[in-house]
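Next, two complexes with chain A in common: one pairs it with chain B, the other with chain C.
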Partner chain A sequence: MQQILDALKQSVMIEDVRKQRDDLVFITVSEAQAVSAITHLRDRANFTHLVILTAVDWLEEGLFQLTYLLNNPAEKKDIGVRVMIDREKAQMESIHHLWPAAATYQRELREMFGISFPGSPRLNETFILDEGWDGPPPYRRDFDTLKYSEETYFPRPGRSTNDPAEYMKSMLYPEVDND
Partner chain B sequence: MISLKPDRSKFPVAGDDGQLIIDRESGQFSELFLGPVHPGMTGNMSLEMLIQGDEIMKAKTHVGYLHRGFEKLMERRRFIQCFPICVRIAVPEPDFNEYLLAATIEELAGIEVPDAALWMRTLLLEMSRLQSYLAWIGGQGSSFGLGLIGQWTIWARDLVLDRFEEITGGRIYHMHMPPGGVRSLLPEGFRRRMTDTLDTIEQVMKDVDKALFQNSVYKTRSVGLGYIDPAMVDRWGVTGPNARGAGIARDVRKDYPYLKYPELDFEVAVGKDSDAYTRADVRRRDLLTTVDLIRQILERIPDSGEFMAKVPNVLHWKIPRGETYKRAECTRGEYGYYTVTDGSGYPRRINVRGPSYTHAVTLLEKMIVNVNLADAAGLMSSLHTYPPEIER
Partner chain C sequence: MRSNDDFLSKKIVPGVEGDEIEVDPIRDYYCDAVPQVSREYKRAYPSIIDRFKNWARSESIWILAYGSGCGAIEMRPLMTPKYDAYQYGIQWRPTPRQANLLMVSGYLSLKTLRIVIRAYEQMPSPKYVMGLGSCTINGGMYYDSYNTINRLDYYLPVDVYVAGCMPRPESLLDGLELLKKLIREGKGHGADIYAEKFEWYKANQKKILKSWNMPDYSW
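Then we have the complex of A and B:
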């Protein structure tokens, strides 16, 4: 693993290396060098399998973390390439030319996190939220699911809520006067 | 004499940009939806197909009918509260969700799982694989018009669900592997009843072999259908039996040993023709391997001992900042959990890698071109797609 990282350092600035397991390392690279780092890993170091491409929202720091998890099937090793991008200008270079399946991941990230990948095929077609979603990208941390459901849905009239302990007592021991 | 080969001269040609030139005014084309509700499919997903005659020109996958936002919902729940949610991501085999979520949390929190719990988890995962394959054979049979096969295998699957009920109390969702171990060990007399079930399943599989795999209708329709080039496997993210059918021996159980798999003796089933029939055959052999694995596990699994590690109070459990990825081999391919924690009592992000994500969208849209309309459902079930793991 160290050899792979040393070879990668020849061409790309690695900002941070964190070893999680013997076969799993997370590295951080800059936004500008990310695609060349991924291309290097795919073509020179045999990391041919794109396992996941996902985003983590660090709302407090104003950053999105994109994680490209690459797998080397021959040597059975994984490298997670982490890229920090600005939350306000959420845009990243596309990698659909390296893996066709990446276009689907990027379509999902565009819809769920609002991260744009210019040039990626069918990027602006709806993917999961097919039935007319007009709210903010729902997987961002500042979208509050509880608040949304309280504002959008309302309890059906005629339903009542019981205190579980009191309710069970009256159901199990109806003969006892519970008042 | 009537020629059965389609007249290619009438088919649309590709333009300069590589896209087919489709003249919708010509009246030759029709648009048709397969799904979202279709008996040959587990879960709801639809294919918007453009057809000419009975041949599919192009297709688009539409998902989202089962989107419940599990990944988002888990972000505002404590780690233990994620358990009843995560299993719902994959109904055919929910145990992989429990195991992988538990495994990532254990790795991030530094918890050692006792030996007996590891055996128990291996047993549950293999039983889960067994019932999922049995349900799949039914789906594959019925999408090729052989509905009887499903009646046999769904019955056999129910026997496995009975055994699950004995151990865990639940038939579909078990929630038996919280972080730290398992909830219980084997009940009394389980070994005998499980062995009986395995014997029955082997008998059923002999019948299935005769009625499905040696059936000329099934063979004629599935041999040569849905070819995956071995060179496509990496580029298109193909894993599991779909990759093994193409002759690429990739199995997470062998390659990245987890739980007790290194101590068990098994071979990975590999095919070479890479069509729907080969993939079905790989799955059939994999099922028989699973039966053998369960027999091995039952011989070695301890009856007593520690099965739960000491975990902190789950209501106040905080896990330090970190991230990890764990994978396991489910019936459809590589299943993985990417968990990020930020030092609070809640996960920052949990991302699920469902194998259908790549199979059912990009790969299926490519493979379905020029397939006969009647084979579309069979092709979809031959990739073993399952929509909720796409939309999570």
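Then we have the complex of A and C:
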């Protein structure tokens, strides 16, 4: 694994390396160099399989973290390429020319996180939210799902919540003063 | 997704013998007539024939075997020898045309709600709806989800709710017994209530299914 990273460092600036296991490493690269790093891993290091492309919303930092998880089926190794992109701009270079299947992931990210991938096929067609969704992208953390649900789906009144620990204590030991 | 216009507009399709047939989907595939309230529902007292019919209906509950959520898994022990609901005249049917009870087993996302509404409207009257689990009652653990409905009775007329997450087959049997009792007493009027408050139900359905691309009533 170290050899792969050393070879990658020749062409790409790696900002952070996090070794999860012997056969699983997460690296962080800059937005500009991400696609060239992924291309290098696919063509030179035999990471021929794109396992998943997913995003994390870092609301407080104002960033989206994209994770491209790549797999080397011959040597049974995985590498995760993390890219931090600006949350306001929310735009990333598309990798559908490397794996056609990536277009599906990018459509999903476009719909659920509002991250744009210019040039990706069928990007702006509805994918999962095809019942006439008109709200903001629902996986963004500043989208209040509870408020949306209460405004849209006729909540039934009388819903209450108990703290499980307190509730069990009061049920099992009613004579003890729980305060 | 197909737009409303080209899905429902008139078109010419090739026939078997090379001829061309004009198809008007709204008239040929669906019926856009609004449902009507039955005569039994309008009567002040049930007649003897009505009572006999209600008894017969209560003893032959045919369930549409459609599972929308996790509750569908509880129907398997119910229909197999452990609980054996068949001995109570309850059986599962493969199509809405043969069923008179729609069991909504668990949470409904918008996509499944659309299918459930169509399945319900394709069932022949009299028909009943049973909501299983807390998801159909008040949203259950999905109460704050952005695309699952919170309460079923705003979209379909529910006869019986069975509480639980998920209800066990025993409570399902209990709910079915309650439904039988309601039908025998002449209170199984879900389809008539749906016809009576049709506009209210349709308004609620269309409020959340914003891309409504099917006829208002299809059976």
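Everything that follows uses one rule, which is that the second predicted complex is superposed on the first by the 154 of 179 C-alpha atoms of A that agree within 3 Å, B and C clash if a C-alpha of one lies under 4 Å from a C-alpha of the other, contacts with A are read in each partner's own complex, and residues count from 1 in each chain.
The rule is simple: a contact is a pair of C-beta atoms (placed from the backbone, for glycine too) under 8 Å apart; a residue touches a chain by one contact, two chains touch by 3 or more.
Since we're looking at a predicted model, the values are computed, not measured.
Legend: residue contacts after superposition of the two complexes on their common chain; A:Met13 is shown touching neither chain B nor chain C. Legend: residue contacts after superposition of the two complexes on their common chain; A:Asp130 is shown touching both chain B and chain C.
In the superposition on chain A, A:Leu146 contacts both chain B and chain C. When both complexes are overlaid on chain A, the residue A:Ala32 reaches neither chain B nor chain C.
Residue contacts after overlaying the shared chain place A:Pro138 against chain B and chain C alike. Considering which of chain B and chain C touches more of chain A, the answer is B.
By the document's definition of touching, neither partner reaches A:Met168: not chain B, not chain C.
Using the contact criterion defined above for the overlaid structures, shared-chain residue A:Arg156 touches chain C, although it does not reach chain B.
Overlaid on A, the two complexes show chain B and chain C touching the same residues of chain A, namely 126, 129-131, 138, 143, 145-146. On chain A, the positions that touch chain C within their shared complex are 126, 129-135, 138, 143, 145-146, 148-149, 152-156, 158-159.
Contacts from chain C toward chain A in the complex involve residues 1, 110-111, 114, 137-139, 143-151, 154, 204, 207-212. By the touch criterion stated above, chain A contacts chain B in their complex at residues 20-21, 23-24, 26, 48-52, 54, 56-57, 67, 69, 73, 76, 78, 80, 99-101, 103-105, 126-131, 138-139, 141, 143, 145-146.
By the touch criterion given at the top, residues 62-64, 67, 69, 71-73, 75-76, 107, 234-237, 250, 255-256, 322-325, 327, 334, 336, 338, 340, 348-349, 351, 353, 357-358, 361-363, 366, 390-391 of chain B touch chain A in their complex.
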